[in-house]
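Following are the structures in question.
In what follows, chain A forms one complex with chain B and a second complex with chain C.
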Partner chain A sequence: MATTIISSPDAVRFRYDDVDHAYHEQRENRLTGIVLFLVSDVVLFSMFIFAYCYLRSSVPNWPPITQGGHQLPRFDTAFAEFNSIVLFGSGATMHFAMESWKHTNRPAFFRWLIATIILGAGFLGGQAYEYSTVSITWAGSTMGAAFFTLTGMHGFHVLVGVIFLCILGLQAQAGVYTGSKYFGLTAGTLYWHFVDVIWVALFFLFYLW
Partner chain B sequence: MTAVFVEKGLALIGAIVVGVTTTVQLRNDWKNNFLDDQVTKLLLGLMAFGCVLVLLAIFGVLGPS
Partner chain C sequence: MTVSSDALQHGVEDHIHPAPEGFIRKYVFSIDHKVIGFQYFITGMLFFAIAGSLAELIRLQLLKPEGAIMSNQAYNGVYTMHGTAMVWMVIIPLVTGALGNFIMPLQIGARDVAFPWLNMLSFWIFPVAGAILFASFLVGAPNAGWTEYAPISLQGPPGTTLWCVAIFLIGISSTLTGLNFMVTVIKMRCPGMTWTRMPLFTWATFATALINMVATVALSGALAALFMERVFGVPFYDPARGGSPVLWQHMFWFYSHPAVYIMIIPAFGVISEVLPVFARKPIFGYKMIAFSSMAIAILGFAVWAHHMFTSGMAPWLQLPFMIVTMLIGIPTGIKIFSWVATLWGGRLHFSTAMLFAMGFLITFTFGGITGVYLAAVPADLHEHGTYFVVGHFHYVVAGGSVMGLLAAIFFWFPKAAGRMLDERMGHWTFWLFFFGLNGTFFPMHWLGLFGMPRRYATYVEFAKIYPPAQLWNIVASASSLLMAAAMLLLFINILRSLVRGRPSGINPWGARTLEWTISSPPPYYNFKRIPIVLGLPYCFDEPLPYRNLDNEQDEIPKPHSASQAWMEATA
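Coming up: the complex of A and B.
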């Protein structure tokens, strides 16, 4: 069985000597767990997104007009485009980090991982800058409430992701992961890609729609 | 040179680089069929879609007119 797996040209991950079938069964269970976690997070974001869509469709004008009679401004699209690319770029660097690990290129893995952490932190900095400059407030309007709730929840996920990646880097440095046993890195990569993809939806909803 | 011009310029370069890179990675991973590979392919595809959205926004096809 092991010979069959090792001889497959697609299964790069199983080319090492320490193939452990008990581990791989456990890995599949853990993988199912992280995928279910991501699905539950999709449901969480979906609920807030549908609430935003409902609020938006219930008023004749968007951005809404305040009781004072003036229309709220739109968000800064140009800055959001730049900040979005910072986050999407971090997704690409994380993918490279994972590929480097699979190809046993440890120095490249750490370089790409650090780049991912820097870009993720950069995105958070950009979001903090936007929060400090945007002219609406959380309590001032439904638009502000939806914006700060959804982007804040996403920002919290990014913050957790950055911390997660830092811990993974330290674990990798300490030798916790091997050439064939690296589920934590896979989970971290999936989580980080997920955070990127959620931003695609938020970017469209708040800045382009 | 305004801040908006710089932001859009950097976003344009970034969107092209990240979009092409993501698409190439997606193509390279296409033959892998484990569960994590399938999820990664889905997420990479959506990320490439995000880059397309950014490009459309930069050129004024989407977003405020």
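Coming up: the complex of A and C.
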């Protein structure tokens, strides 16, 4: 094959010296894909947050007054604060797990990952407890509709996250990831931090506002 | 920076995946973006035939003021299903799924989309969603219009729940396709293809993918809430229980106004590709056309409430929505004038694709202008819910999206099938469609101005106020048959071409984007060697701005090759 020399303008960018070209191409695609997926997930939560704000602003009293004439109670902030600390703690342990992996400290990685899974499951347990004690119902009022739908969606995301982290742990155990190729772990971390950030908004909306 | 083409091939050619084997892998659960594009096309056209037949039923019913063929309840179901199917099962899958899938990866010199498996999943959700939607006829079709305003949708027949599920599913499919296309365009352009060298159809697909990815999720949220309210009684929209019907309108239109741009922006892209090829002139204002697509996509998120001027909005809130809506006229006007300037002084070749593109310029501009007029609050308060609105948006959807779709079919069919469509039949298709479209929807404007309400099964009272009402409805109904004839002719043309069409060769139109440098139909890997792009694809008097092409085509495509192809085709 004759070697045609192309004096190319600025725009021709290559990484052909890179032996892992295909891997990196795929990693970049997937990373962009995950980020865009999280963006669309933010829109989904935003819609229900908008619905909550809209319904809340369309009545004079909040918590709303039922047809029976009594005002619904506010949510128990103290317990939610405790539960929030559990979830935010899991964000910190996830961060430490990722840092340990980057420093090729596998035992520490597994310790932090298991801590994250336990904290995540603990948050879910706490939410189940709150659901069982709260006095409003899903179909009973707009407040219940917004609360159970939003926290339920978030809880579902946490549940998916916990399962995701368990799979990542098993994969890491099986040697799927190496010191330089660990995209799955990056994706898991991104997702987990996303779930944390969503909770900040929900905590403010339901417990502090 | 200098690179040798030997170095380029290293690490590129060996990434061609093995050819798919067996019927199932090749044609059913294929992960090839081209086959998925064909699947979208066939499924979408099938639904087009069903939704089009529903439209003919509507037109038949309106032949008489008291209603010609069906009960009021049946009519409600028919127009609801017509609108729903046309928007979600026909136009959006055809312009994003079929055109986007087939053309966009070829235009950016990629072997496939970023996530082929996800692409397959997106497609297979589509026929399932369509089947669920049409199954709602069996249990009582939804009857609150394609917008399904609460609280009517809360009290609607059981089919409304199926409607929810179907649209939710097709929404997931749209979101995934949008995400897939975004990543593909951002990450998988071939070397040298900078953002400002991307073909305009790819720009349009990118802008559409952005809306698809961001806005469709909003619809999913709205539908999920409607589903929960209908099935579990969770109060969101029912005013009797503290909910708000206007909330549904906000959530619905936050998606459904951008959805209008999902339907039209790919057609803009098609027109931007077709016009320069058949005018043998560089596209006028490349960057302005590209950026105005993005401007429309982004501004489109801030106009949704112009559908709700009569829903009890605060007047101070109506004003910004009115102004932003009118602002969209600016990027759209930039496009129209750029296209006209592209034609100006060009050597026009009236192939069928070109006819549809020029017909698009007329009908879309008309629909766009009535859109700016409707955006004005005082006008909207008068026209809202009348046939004026029906006329307006059919000029945009049928005169814009469908015209663009037909232009794309006549333009890219030779690439997809390797055979030419018959140009004589194509010209008949165009003129039938063009006259049919204008005859059907033009009278609706003054019917609406005189006060004929949309969505009514009868117009006895209106005919008393405005005696020529029946005459114009008969004109509209008769003209709609011309459109049906045009679509039938297209169907025959495609079948005939598949059996005994003339082979098209690599580049029948003398076009210059990358898909015209590979064989027709393209091989499963698209490009054996990934091409290198050195410039814009629209400079017709310069050599092709590509290196490393699979077929040596570096010479200038002859300016008269398009007219030759056309003359040969019509001979």
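Methods note: the second predicted complex is superposed on the first by the 190 of 209 C-alpha atoms of A that agree within 3 Å, B and C clash if a C-alpha of one lies under 4 Å from a C-alpha of the other, contacts with A are read in each partner's own complex, and residues count from 1 in each chain.
By definition in this document, a contact is a pair of C-beta atoms (placed from the backbone, for glycine too) under 8 Å apart; a residue touches a chain by one contact, two chains touch by 3 or more.
Just so it is clear, the structure is predicted and the values come from calculations on it, not from any experiment.
K.L.:
Per the contact definition in the header, classify A:22: touching chain B only (first), chain C only (second), both, or neither.
P.N.:
second
K.L.:
Touch test for A:61: chain B only (first), chain C only (second), both, or neither?
P.N.:
neither
K.L.:
Looking only at chain A, is it chain B or chain C that touches more of its residues?
P.N.:
Counted on chain A, the partner with more touching residues turns out to be C.
K.L.:
Would you check which partner chain A:47 touches, where first means chain B only, second means chain C only, and both and neither mean what they say?
P.N.:
It touches chain C, and chain B stays clear.
K.L.:
Output check: A:132 vs chain B and chain C. Expected answer is one of first, second, both, neither. What do you get?
P.N.:
So A:132 meets neither chain B nor chain C here.
K.L.:
For A:32, is the partner it touches chain B (first), chain C (second), both, or none of the two (neither)?
P.N.:
both
K.L.:
Once the shared chain is lined up, is A:79 touching chain B (first), chain C (second), both, or neither of them?
P.N.:
first
K.L.:
Between chain B (first) and chain C (second), which does A:197 come into contact with in this model arrangement: first, second, both, or neither?
P.N.:
So A:197 only meets chain B here.
K.L.:
Identify the overlap between the chain B-contacting and the chain C-contacting residues of chain A.
P.N.:
28, 32
K.L.:
Can you name the residues of chain A that touch chain C in the complex?
P.N.:
So the residues of chain A in touch with chain C come to 1, 3-9, 11-14, 16, 21-22, 25, 28-29, 32-33, 36-37, 39-41, 43-44, 46-48, 50-51, 54-55, 58-59, 64, 138-139, 141-142, 144-145, 148-149.
K.L.:
For a test of understanding, state which residues of chain A touch chain B in their complex under the given definition.
P.N.:
Result: residues 10, 28, 31-32, 35, 38, 74, 77-79, 81-82, 84-86, 88-89, 91-92, 95, 99, 186, 189-190, 193-194, 196-197, 199-200, 203-204, 207-208 of chain A touch chain B.
K.L.:
Where on chain B is chain A touching in the complex?
P.N.:
3-4, 7-8, 10-11, 14-15, 17-18, 21-22, 25, 31-33, 35-36, 39-40, 43-44, 46-47, 49-51, 53-54, 56-58, 62-64
K.L.:
Which residues of chain C touch chain A in the complex?
P.N.:
Of all residues in chain C, those touching chain A are 1-11, 15, 114-115, 175, 179-180, 182-183, 186-188, 191-194, 197, 213-218, 220-222, 225, 228, 232-236, 241-244, 247, 250-251, 254, 532-534, 547.
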